[in-house]
Each structure stands twice: as C-alpha cells, then as structure tokens.
C-alpha cells in the first residue's frame, strides 16, 4: 500500500527535492504535482535531472478535488497558499504538510508582522503541529496539519534543545540567558527565483550578513525555545540571531555561543547531547574533538552537532550543520509524513550523501 | 545472494564513490576495503559523509588471500597496482575491475609511453576487456578482467560511436576524417591529492586548458574509435583532443565538432543517435533543441548527448555530458559488475540526481 | 587637460568597470553618470566597492544637453540606446563609444534579425568604426562613433587575425575554410540582471552550452573575419561558434581549432603570431609550450594567445583568454578613447591583475 | 627618491600581493625578490598575471648583504625566518617588516606554545612594534622592526578598539567581559601550499569550522585587546574566537557579539565608532543600517565596520570585513612602510576594487 501524495508548487527547490525523495520512497506515490506557471509540462522537461528517473509525471493546475483524493498534500509554495486549502483538505481526510510559514508561528501578531499576510484560518493553526520530529514526535503522529519548520530554526532549536532540557530537569539555570546564534546558509535557501542579489556574479566570491536588524526566523526560534523552556524561564532568554550568506548552493551551519553558569560548567555537555539524541536516526552528535562540515550532509536528512567546552571558560559553542533543503525543508517534511502515517521514520531518507 | 566485493584503495574519490554506490546496491556486499595509509581506521572516520549510513566497515591492509575470497575486486588505485594482483585473483576465480589504466590500452608501447610504467602482465591484457558497456556488453559479460574506461574517453567514444557505426553501415564516409574533441572537466577528475595546482585559490574563478600538447586519454580515445571503425578507415581519422579544467567539483562536458561529408549531410543525425542508443538505460539522447548541462547528471550514471546540425553547413556538433566520477568512473564500474554477474545492468545505479 | 567623460547607464557591470578604470585614468574626468532607475543616488551607495575611492559622483537622469558638454560619451546601456543620441552628440562635437551593439554590425539585416530592433541611424552607422584597436587603429583615431566589440568577437577576431593576414600576404590558403570557435565565458558576460538562469544555485557547479543553434556574436565574428580577409576568400570560410557558460564571475577562454593546408603546415605559426602582435601593448602571445588561464588577466586589459601546432598533424589550436569585462568591454572602450584623443593607448589601463 | 625594497619569500600569496602593490607604488622600488625554490626564475614565469606588468624582476637566493643594501625588507615567509635575519639587517640600518608571526606576540611562552618554535631574538622582540597602524601609528613611525598583524587579529582588534577605548575613557564597564568573535575567512588565508584539505574538491560547496578548540590568532587578539584595555580590566575580558572557512578565495568577515552593560546601552555606539575612525583613511564605518560584504573590499586595503544595536536588547553586533591578503597582510605591510618612511600613509594603496 502506497500513500497517495500531492505536491502543490513543484517548481521550486523544496518542490524538486520532494520529488527526488518521494520518487525513491518505497511507500509513497506522487499522484499530483501542481504549478501555476508550468501546468501541462512534463516534470522532466522542467527539471532535466529527473529525465529517465521519474516517469510519467506532469504539472497540473491546482484542483482542490484532486488534492482531496490524496492522503497527504505537501505545500512547497510561497507563504499564504496552504492556509487557503487546509480547511477543505482536512475536512476531506487529507493531511497537510506546509513547507511555508502558514502553520509555524502560533502568534498571529508575529505571523502578520513578519510575513505581511493576514492569517485566514487561525482556528486550524491552533490544532496544527510544528513539525520538528525530535521534539514533537507524538503530536505529529496525530496531527492533520504540519507546519514544517524553517531551515534556521531547525538548527537552532535542535542545537539548543538538549541543554535547555537539561536545565529544565536540573530546575536551575545552566546557561546564561543570552544566546548567540551566528548562522550561515548556502544560497539555495533563498529559493529558486530570478533576483539580482542572488545571481552568480553578485554572490560568488562573496560573504555577507543579512537580516542583521531582524529576520523572520527569529520569532520561530524564540517560539521553539520557549516551548522547550516550558514556561519556566522564557522571559530570561534573549536570542541574538545573525544569518549570513555563503557562496555555496546547499548547506547550513549554525554556530551557537552560550555562556554556562557555574552549575552549567559542572555538567558534561557532551554527555547531555549524546544522551538526548541517542535514539534519533537523523541527529548525529559527533565525538568530542570532531567538527562538522556542510558537505558531509549534502543531500542527506542528517543533522550533525558538535559540542565544544573549555575547562577554564564558561563559554560553550554548539556547532550544527544540515542540508537546508533536506533536514531544513523537504527531508524533514517526508520524515513528518512517515510519522503521520505510522511508517518507519527513515523510509526514503537513507540516501548516502554525494561526496565530494 | 550477494556478490562479495573488495575495494582496493578506498580513500580516493573513485573509492568513496564505489562505497556510496555499492552500499546501496541490493545484490552486493562490501567485504574488504583496503588502504595503504588508513588501515585500521573505520571508513566513517575518514569519510564523515558515510557516518550513520555505512556501518561496520574499516580499512585494512591489502591481503591477496582476502581479496581472493571475494567475487570481484575493484581497483580504485594509482596506475600499476591492479596488474600486480590480477593474475593471482583471476586464477582464484575472482574477477577484476580496474578503474586505473592498467587494462585500458592494448598497445604496450602506448601504455609505457603515457604512463611511464612497464606492463607486467601483458598476457592478461590480451584477454581483458575495455569496459564500455554500450560498445562491449557481450565481451564484458564473459570477461575476467575489465579495464574501466577513462572519463574523457567515455564521453568521446560514446559521443562518436553512432555516427561512425552509421558510416560503417553505409560503407562510405559520413564525416571528414578530422575530429575535434573540446573537453571540459570538473576538478575532481584530478583525484584526491594535495597538489598546489588543485587548491581552491588556484582553481576557483579560473578556466584553463591543460594537456594541450598531448594527454594520456588521447591514445585511449583513438583505440576506442579505431575499434568502432573496424579497421575500415582508421588511418583517415585524426583526433584533436583538448581538455580544459572547470571550476566545479564534478561534471564533464565534451563538445565534439565534426565535418560531415555530403553523404553525411544527407543523413538525419538525430535519428542515428536516437536509434543507436534507443535501448540503453544510461544513455539519454536529448530531443532536438535541448542541450545538456553537467548538473543534471550530478551523482548519476547517466550520460546525455545532444546533436546539433545545420541545414546550410557541414559542421555538426555533438555535446556530451556525464558525471566524471560516476559514468566516467565508479558508476560505470558497477555497471560492468552487474553485467559480469548477469544482473540487471541498472541495479544500484538508479539514484535520482541531487539538484540544485 | 582632462577629457570630459559621460557614462550613460552606469549601473551595469560594464558601467561600474568604466567607473573603476576612468576614475584612475590620469587624463579623464567623469562629469556625468546617468541611470534611468538610480537618478539622485550617489554612486557609492549603489556600488559599495567605490566607497572612499570615487568621491562626489551621483547618478543623474539622461539629459542630452549635459552629455553634449562632454568630450566623449560611453553608452553602457542595453542595445538601442546609443543610436537615439548619437546624431545629436556628434553634431555637437561629442564623440560616442557604444558598448552595446548599435554600431557593431554594418549589415542592417543582421542587426535587425539578431537584436530585434530597427536601426534608426543607418547613415551614422556607415561612418562609425568597429573599435578593435589592433585591427582598426587608424580609423578609430579619426572616428566620431565607435561600436565597441562584443566580448566573444574580440577573442575570435584577434585570435584569427594573424593567420588570416598571413594568408592574405601569401596569397594562398593556409587554413582550411572551416573554423571551430569553442568559447567559454564567465557569468558576468550575461550582465547585471536578476534572471533565474543566472542565479548562483542554477549556475554554480554547472557547465553548459548555450546559443548552440545560433548566437548574435556569430555575425559579428563573421564580419570581422571578412574584413581581414579583404574580400579575397570570404565565401570559403565557415565559422562554427559554440559558447559555453563557466561557473566563474569573470574570464573568457576561446579555443579555436583550425585545419592547416599543406602551405599552412609549412609556416611557423608561432612566429606569425609573435610578429603580428610584436608591438601591441595589450596582446601577449605566450612562448611556445605556455598556455593561458583566465585568472592571469582578471581585471586587466590584456588578451593572451597561445599557439599549438603538431609536427605530424594539420590541426592547429589557438587559445585566447581575456577578462570579458575589460578587454572584452570597458577596458577596450577606454583604449578606444585613448586613441580617439591622441593619448598613449595604455593610459589608465596598466593595472596589475589581482591574483589569486 | 624611491625606497629600496626587498621581498624575502616572494612565491606565496602575501609575496605576490606585495609585488602587485609595490610595483604600482610611486615611491618604492623592488630591488630583490628571494625564493629558496625558484631562484633564477623570472617573476612573470612564476606568476603569469605579472607578465607585461612587472618587468625585469627575477627571484634570487637570499643573500643577507644584498638585503642590507635595501631600505626595508619584507618577510613573506614561514614563521621563524625573519628572526634569523632581523639582527643583521637592523644593525645595517635596514628596516624589517615581518608578515609572519615572529614579532607579533610579546609573550615568548605564547609564541613557543602556538608556533612550536624557539624565539631566537627576544631582545629585538621587545623593541619591535605590532604593526596595526590605527592603534600604534606613532610607535610604527619610529620602529625598526614591525610584526605585521595576523589577518583575524586585524579585524578583531580594530572591531573592538572603539568600544574598549570608550570604556577606558568612561572609566566604567560598557561591555560585559565576554566577547564572541565568530570569524569567517576565504581559503587564500591558508596560503599557497599543496595540502589535501585545501583542494577545490574538498573546499568548494562546503563551509566548516576549524581551530574550534584553539587557534594561534587567539593569543594575538588577547594581546591586542589587553593593550587597548591599558591594564585596567584585562582580567575580566574573555574572548571566544571561532574561525570558519568560506568557499571563496579572498575575504574575511568577523561577526563580533558583545553584551552591553546598562552604561553601554546608554551610549551611542554608532557615534563612538564613527568618531574613533573619523580620520582613518582605510577604516570605513558604514552608516547605520548598511552592512558590509567581503567583495566590496576585494583587492583593497579598506576595512569596513558596521555597528548593530537594538533599543530593547543589551546585545550588540559589530560586523567587520577586509581582504585578508591586503588589509589583513600585504596592504597593511605597505601601509606600515609608508608610515616608517614618513610618506603619505595611502601611497600605493588607493586601488579601486575589482567588482564584480
């Protein structure tokens, strides 16, 4: 039995990545692939990399009734599309996984401020689940609507979860309330769009910061951290998030700087991280002294974490890498689908990275 | 039943590519992985991209007796290694696939001139088969030793085979005897070695020609073309081969310029190419007006060909792309293994390319 | 005394390159810099690389009367702009150097076919000069309007001129009439525009051909070659031009393949090229056995040529490199200005390349 | 009158950059250029980018007597070379500018720990001056030996100097004693050497951290910060320095995260930085809301700084960019030479950056 899948908006980078992963998934079948602009075109005409690999699949116009025949619909669309269709689909027993931001932020104020859109189904928002499997696995299993996490928040929240969880358990502060997330992303994170600031001659041989004064992923990180804090000490944690653009296609590297309290310095951070993710298929806590790089996860759903502490210093650094289009987007979406349909979470996701 | 496989020299780019492909192959099992320099180290320590994907595999020293317990040994080594072990292995019913040049050139003179090595098993050379499946499939099926083709020759020979074959059949010249192969390769083609001329600061933002006065792949191309010519008109075909280095990791693009005779101009070249490769799983002749790029085959065993002719001109251009490490090396080696063991030729090789 | 200069359309790559070169030119002063979209903005706000280097220069709207106060106007605009203003400017004793195509092609049919524009001042076209200094220096010195050559034609015509000139002098064919120009360009050649096919994620780690079925620089190359042929044998020379896109910002590499006649094989090609360019400041014919790369001319007005022949073969290969934005565009335009105003041709153009 | 200059070790990236800058310097003349490995070769054979630009200059063996005929010797060598020759040279009235680390660290313990070399002229070390012009201009003017700063320390110290200086003047803490320096460097920072970890296929499409557990530039940053602190509060400032490698040739971007005290939050940081560098030719404090990128300083001696604060947050971020080979190495060395010889500090250094 195969899950019937539709992908809305299959012409962007998260869309083609969903096609790549789902076309190799043993228990899924892509039934519909919609595109406003490319309806009628065969997918391999549009993505030559799929010639001879994915057969007989063409873009169609979006038809809600067709989508509703599927078991799950992935929205690889601009922000604001999924919320138009979620009500109809869930009423027809079709699950929704939105790779855009419609179901990420529970605060309507934040959503409307950062995305400049009015939210049209705030009731569904309340029942939707933030699709970070390592944190919300049980909720995801029962959810009808998933807000698939943003790429930066995935690295930030998963990079912070073990120490904050340990803090909750210790019931005392282990880290200073100021958290620095110095993040770096490959250029595919900006999507498949013809913008001047994304062209090769503007981005190659260049490294820059952006969103320094504020980035829409910050409220999402804050929300994720708050949830892990369980209301205990959220008001005390302030997060500084500075994203940078790296001249490479794929890859995300978040360097998280923390200041440990005396109690925090007394803990074995490496062990805290090892233990927290001991049973996670996709989270790889590296041995002490080994540091991650982005290419080792290229094309893979793995997220790697290294923990660096110093005997004589309160400052700890957590280094987190992922492929922004896989664990940071489409791979995580497939992981969520696996959980929602009771499948082995790793199905279709154990691709060996292409290296070099 | 799984084929027992050994990889000798698993620390280069063709080695790790063999590990990537064979670890996902349903009918193969890597039993031994040897390295002169890394013996004792687990493969995932050396190639972090394999962490959590390939388990329980460590580099060992080369032990001929261990190799002889396998069904097939891949040599992903420098030139000159396979010929030292081929006799022992084949006498012990172990097949040999050499990704270096020991069994590519039938002419000892050429081999010794271009590789500066004395050939130590010229008797075996005679029975070995040049592993270009689309040309030599039947011979490969019966062979004990395969000389896996060089990357440039793969594009050149497969790009020329249809027109030369048509010429043989027509029994008249369709092309002028002068053939221009203007080839471009990503930098991984130079291997995984710490050479000054390969470092990022020397190769990035740069495009250069090399081997202009002569390149060791030229005699291999000449040999391949001669074989297709079947002795009919070899003396008339002169090949000019100019390789260039492109600032990218993977990918090879060969632009082949031909001058058609009047008889050649009267033919439908597109149809000749379409027909010649109609049943080939890995050769994709693009529709008229569609041109290939290297990224569409990244990580894949596909080779794509476009044919460009002009109504009012005798000059035809054949454009050929492949991933130099897959169809140009390790993927083709696995394809040869599949044929040698009577398996479906595409087993383990239908990976969807990672794009972008 | 400084030449008063205006630059129309200073926001593209050829525009900023003109600003870079002219702001360091001892005998030129940029008086006006126009932009349809950025009028009122200071140039350093737009190009941060110019902060602190080029002072007190702002974009203005195009005002013909202001332009006419200058000694020379550079048009770094889309095709079709210069021809609207050339008549007024030249009538007011202001010289025109057009970096677009309005004054490149003498054939109105070719111009209208390839640029899809009607030519509005064909009378001026007849008196304009094609600004390839090494070929047309005397004419440029007297010209009022210069059609600055395209980037590919610069490499092609300068790469072919010595052998064709020698052929004219010998009054017999030295090369076969079929010429292959296999050209490769960095991505800045496509200009500063937000197009999807130019973004980093589409172009990096990729090599592709384009314009295979026809490119607008071909008629310009044919015109340039015809002029050198002096009508003697133009009908016999057919040129095959295939451009490719290289994942780098700057640099152009043209590999020209020729077949020598017996008479051609008897000549010393290296000497022909050495002699032809012996007195040229910007043309560097490399010693035998030395091959060019693009980075060695980055930011420089130099064009380097290597000549490769073989004792036993009629095929010769000419390798030509330049920086497409300098000798292929803005540097050549400044070289033309120097000639038009009777200055030392190298003024402002002897910048040492930045390497690596 | 021209300053007679020698460059020892002219085959690395800082060496060729010195040649580029000094060959265009109006008051300097390169007399000697030494190389252990390339003696006898003309510089343009080794660096083709210099063909036709720098004439009649050849590498020679190192001869102390020749060096002593010069006014100044630049050591663009591995660590440990300058200290062998500094005594002889300064005794002969020849000034020394060392681009390696011999004269950077005043602590012999730190030097020997981090560079694994015994210091052989600790007496000269005491009189040598750390060549950061914006901090030590008066001392540099009188010095015989300059320890030219490391690339990372240049960005770190110049990025921190204004706020620490303001703190000294206010005589109260403006920043929390924990400073995070999250730094990113292009690959040329690792030098011109054939190491496996630097080759294109290992570094392109990759972003990684290195030296996470400790980097030799940290004690240099600590020393520089301590000096600015003037002993007042050094024990309280702990610096966390994490360098990362960016897939680009040139450019360095340091993101410095500070936590302001209440007193610090009351200050106008933008004004502090604007004022501190108001008269510096090479330090460009960007207007509020403008952020730097590395390409805008490529090839230039400029260092750009942006200051980001938030009304409701104590965390401030200072963003610093430079070209690691210019302001981070050879440009700064020429700036030091200008100061030592009483010249205008900007001579030979006002090159317009090449962009794109």
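Should a chain be cited, it is by its letter among A, B, C and D, assigned in written order, with residues numbered from 1 in that chain.
By our rule, a residue touches a chain if its C-beta (ideal position, glycine included) is under 8 Å from a C-beta of that chain, and two chains touch if they have at least 3 such contacts.
Computed from a prediction, not measured in an experiment: that's the story for all the values here.
Visitor: Relative to chain D, which chain's C-alpha centre is the most remote?
Guide: When every chain centre is compared against chain D, the largest gap points to B.
Visitor: If you average the Cα atoms of chain A and of chain D to get two centres, how far apart are those centres in Å?
Guide: Spacing between the chain centres: roughly 39 Å.
Visitor: List the centre-to-centre spacing of chain C and chain D in whole Å, with centres computed as mean CA coordinates.
Guide: Distance between chain centres, rounded to whole Å: 38 Å.
Visitor: Which positions in chain C touch two or more other chains at once?
Guide: 13, 188, 192, 201-202, 204-205, 247-250, 292-293, 295, 298, 356
Visitor: For this assembly, give the contact graph shape among line, ring, star, complete and other.
Guide: Contact map by chain: complete.
Visitor: Using the touch definition up top, name the residues of chain C that touch chain A in the complex.
Guide: It comes out as residues 13, 187-188, 192-205, 247-249.
Visitor: Please give the residue numbers of chain A that touch chain D in the complex, ascending.
Guide: It comes out as residues 178, 180, 182, 184, 186, 201-202, 204-210, 212-213, 238, 240, 242, 244, 246-251, 253, 255, 257, 259, 289, 291-295, 298, 306, 308, 313-315, 317, 319, 356.
Visitor: Which part of chain A faces chain B closely enough to touch in the complex?
Guide: Within the complex, chain A touches chain B at residues 13, 16, 20, 23-24, 47-54, 188, 192, 204-205, 249-250, 281, 284, 290, 292-293, 295-300, 302, 304, 350-356.
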